[in-house]
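Everything below concerns the one structure shown next.
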Amino acid sequence: MTVNYQLIVSSVSAGTFFRLLFRWRGSIWKSVITELSIWLVCYYLIFFCYRFLATASFQTFLEHLMNHMDDRLKYIPLTFMLGFFVTTVFERWRAIMTALPFIESVAISTSMLVPGLTEEARLIRRAIIRYVVLSQVLVFRDISMRVRRRFPNILSLVEAGFLEESELDDLEAVHARPGNRYWVPMNWANSIILEAHQNKIIDQPTAFNNLILALKEFRISLETLCKYDWIPIPIAYPQVVFLAVRVYFCCVSF
Amino acid sequence: MTVNYQLIVSSVSAGTFFRLLFRWRGSIWKSVITELSIWLVCYYLIFFCYRFLATASFQTFLEHLMNHMDDRLKYIPLTFMLGFFVTTVFERWRAIMTALPFIESVAISTSMLVPGLTEEARLIRRAIIRYVVLSQVLVFRDISMRVRRRFPNILSLVEAGFLEESELDDLEAVHARPGNRYWVPMNWANSIILEAHQNKIIDQPTAFNNLILALKEFRISLETLCKYDWIPIPIAYPQVVFLAVRVYFCCVSF
Amino acid sequence: MTVNYQLIVSSVSAGTFFRLLFRWRGSIWKSVITELSIWLVCYYLIFFCYRFLATASFQTFLEHLMNHMDDRLKYIPLTFMLGFFVTTVFERWRAIMTALPFIESVAISTSMLVPGLTEEARLIRRAIIRYVVLSQVLVFRDISMRVRRRFPNILSLVEAGFLEESELDDLEAVHARPGNRYWVPMNWANSIILEAHQNKIIDQPTAFNNLILALKEFRISLETLCKYDWIPIPIAYPQVVFLAVRVYFCCVSF
Amino acid sequence: MTVNYQLIVSSVSAGTFFRLLFRWRGSIWKSVITELSIWLVCYYLIFFCYRFLATASFQTFLEHLMNHMDDRLKYIPLTFMLGFFVTTVFERWRAIMTALPFIESVAISTSMLVPGLTEEARLIRRAIIRYVVLSQVLVFRDISMRVRRRFPNILSLVEAGFLEESELDDLEAVHARPGNRYWVPMNWANSIILEAHQNKIIDQPTAFNNLILALKEFRISLETLCKYDWIPIPIAYPQVVFLAVRVYFCCVSF
Amino acid sequence: MTVNYQLIVSSVSAGTFFRLLFRWRGSIWKSVITELSIWLVCYYLIFFCYRFLATASFQTFLEHLMNHMDDRLKYIPLTFMLGFFVTTVFERWRAIMTALPFIESVAISTSMLVPGLTEEARLIRRAIIRYVVLSQVLVFRDISMRVRRRFPNILSLVEAGFLEESELDDLEAVHARPGNRYWVPMNWANSIILEAHQNKIIDQPTAFNNLILALKEFRISLETLCKYDWIPIPIAYPQVVFLAVRVYFCCVSF
């Protein structure tokens, strides 16, 4: 979910900073509100106990504990761990962003390399794009919660016009894990291109070649997205980081 | 806005450093002047109060506060946050710089692959370049404030000769978000190339292929620029950094 | 071994953290359990000795040792060493992940560029894919323990249907280090494509060309994986890091 | 200016280190000699004053100043700033090094794809290479001081044989900023290739295509070099770093 | 020199660590043994003097010196310098590793695109590979000490069968710096391919094109290796690092 805030930034002024700081959607506040609350409650609870309830001897004990905690804090290389983790996560985000394919590339190639004003040529162009977008939707349904909510099942794709009913059966007939169905529409698009080439609608080998490569490029982008979705950061990393951060805050709260 | 300062640097001498340091345009001074002033005023206000106005007991309180602040400062991993943020911003800057397309590549390909001294060939070459540059201008208008100021509306493009009036209607007839109009002139350029190929002005399939790829490359560069414009750094990052920096300076000012 | 934990993460809630933290398979706990136990035992042994067994003079000596150790700890730039090492290891992991080839790319190209519904065309398509996957299996057997366990010897490949018995002899007839046999099936696949091209089953040079490039791409990916397998991080690096970490923990345990 | 020192390093021995350390050309000593001298003089001046000239009360004041300075030093995150700056500069250096094009690639392609032992073919091959190298020289004259000194004006290019006199007029006839003249010889080379193709000296479209791409690749490399030359690191970065370093040394000198 | 240690690592157990730690070849111990010895001797010499020989006043002086040294140590940002240097060196190592070309790619392309069972076709295939490998050997002789020792002069290449005697004269007839002779065999390979194409042994333009590109790719990889060999890290960097490390250890030894 990308939240745009550039319109605010583009008019730089003193107030900008505060307007930016108190944006809620997708903001830092929204992410940490639960944990921040818990920590603040704990902190003031301990603080309150220490000041008003504790006996003198217990206060001394707490002070010792505090110093001890403070001392041991430096053994947790939090900065290093977080730095590594944040960089890794950000790097993945950037890689995914760069891999996001746009249909325009395929669309322009298609409109160009499948020329002709006949009804047939028009239908071919439309079918190719429809199949490629269908592949994209199938992939995105498994990656993004938002696309999944928009298309909760395969039937909703038929309703939205991405898939014809006859094709639905063909798609379901593929006995494969769902992940392997992604490329079925891609294959259909390729078949149409091949047929069009054999019927001399795409009459040059180079044009044929070019169109295939455009589709391949698009598919590789989708495949990269899948790879990032299938292979998360090894679980040991987030475990170490989460643990370190929580222990750190426990120590700090004293 | 790129401010050149290399002419100064190339003649390295002792004075260079100072000449460089006091450049105003695009400099560090210009960026921080407002906030630096505010902070300096606050700092000296507190300093003045502490020295001359405060009573002894209040001075003691302030000193405690100072020590406390100083102590707590180390819990803000400012270096790490800034390091991450600055690197990220710089990396984006570098990526955008690398993606900036130049028209020369397309121009040389066009002049080469659409040969012929006839008026017709000349017009085709000119139209292709004009359409490609038009695409570039349309994209840059939405990215750069300076290009936007130069071309505040579509009509100014007609005046500047990038667009003919008849084409303006075609462009406006595309019912799409403005972002989707970027590639309309690109499509026109492709159509001209296709037509020229069918009329045997571009007589070889490889030449045709080559020219299409040159245009595609240019379009991909523009698309990359758009991607960077559309998808900012997640808002949580600048929020955290801005907050940390301000809190840090508040603490330091004591 | 990729352990998926995204299903848990996708439903973010307060309990998520704990569920994630105590996953065992592929987790941080599993990796460090032995060494953590040893260190804990040592730590409490020393602690116990210090508290209850040691004489006063020995206690003083231990305290001196502790302070001395604590002091010297700062000369071990552990954060820097670990940072460098972890980044390097992670970078390799990422590079390998990115290089992992999927057969889909070759499969779609094959189904497209070797058209025809005849039995012959079908057999050719099947043989190409079989040979390419065979190459992949041969490489993966030497990289991954899991694939090796699944296919402990060449005969098991015959049983699994990747290799025909007659081909097994051809493969064994290649007098070369095992590493050089990886590409023999790749070569067979190429031969089939060449023959199909000469028999006009693949009738266009561009299609022929395209198919060769798809196979080449796949082979390059496998070669990259081999490179990472053959050339480990220079042994001096892990030695330095392992030594530093152990010495560090020895010091800390006091 | 690349100063080779690998011959020394390749014979590793105890003395190597010192031989390497006291190399003068392109060394660290040469770069910092002026500023190091100034700083040393200042340091010993202050040191001398403090020890022998100052009165006791002034000494106390200086000591306070020293402690204060020392204290405030930690607020300058010098390591972080320098780290970022040095990495950035080095990254640019590496990118430029990688982009440096060699003529061999174009030369081998030309000798291969423009076959023929006739005088005509020989002249064509020679002209293509001459024009491409001329483009390179034109670019390098504006980037490198050394090439500029070797070719202080366009006429010196004629003397060196890169440019014929008739061509000089053509080059000067291009009414454009000097930066835009870079690609004029490139265009000439392309024209020759086109003509050779039309005269059937380069008789295959693929060979023609191949040669064009080789030239394009070379031009893109040069363009990348220009980009790095035109767009320096935003001036705010060096300003911050220079300022921080100088202030730091001022503080340290006490 | 790559020293494999993965066989040891793959059987992870408690003893692994020690087995790994005391590997000698290519290890950290081998690299630092001389300097470590010198430093240890110095350290214990100073330590011994301080404890048993020095007078009380000299001891006090030494203690002051020690504290002073310890204090000044923090002004040497060793971690930062080393971090930058190690990363740079490692990055070069990785880039070189990635650029290492394997002959398989060219070999498979050749066996595929120069078909035919005639003696002539067989000789052509063999000659192409021989020339390409010869280029590789010529480059590697100037980069790697091990290859140089194996082939101390050009004649040893003739003995090993990489070069025929008649070709030796042709190679020596090229009046050029040795570096420029690298690509002479590459050129010969290209000539053979061209001839084979004109004699219709390679009968399709795309196959011809494909083969040329395979050779080009190989040559570019070798060129990249040369670049890294010719252009070392600017000498100022190792000077700074070596100096800092030695000064640091001098200080620490007190």
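For the reader, a short list of remarks on this structure follows.
Going in written order, the chains are labelled A, B, C, D and E, and every chain counts its residues from 1.
In this text, a residue touches a chain if its C-beta (ideal position, glycine included) is under 8 Å from a C-beta of that chain, and two chains touch if they have at least 3 such contacts.
Since we're looking at a predicted model, the values are computed, not measured.
Each step here moves to a touching chain, and the least such steps from subunit B to subunit C number 2. Taken together, subunit A and subunit E share the touching chains C. Centre to centre, using the average C-alpha position, subunit B and subunit D are separated by 24 Å. Averaging C-alpha coordinates per chain places the centre of subunit C 39 Å away from that of subunit D. In subunit A, the residues touching two or more other chains are 79, 83, 205-206, 209. Taken as a graph of touching chains, this assembly is arranged as a ring, one closed cycle with exactly two partners per chain. The cyclic arrangement of chains, taken from subunit C and going next to subunit E, is C, E, D, B, A.
On the subunit B side of its complex with subunit A, the touching residues are 34, 75, 77, 79-80, 83-84, 88, 145, 183, 186-187, 190-191, 193-194, 198, 205-206, 208-209, 212-213, 216, 219-220, 223, 227, 229-232, 234-236, 238-240, 242-243, 246.
Subunit D meets subunit E in the complex at residues 2-6, 10, 14, 17, 20-21, 23, 26-29, 31, 78-79, 82-83, 86-87, 90, 93, 97-98, 100, 102, 104-105, 108-109, 111-112, 115, 204-207, 209-210, 252.
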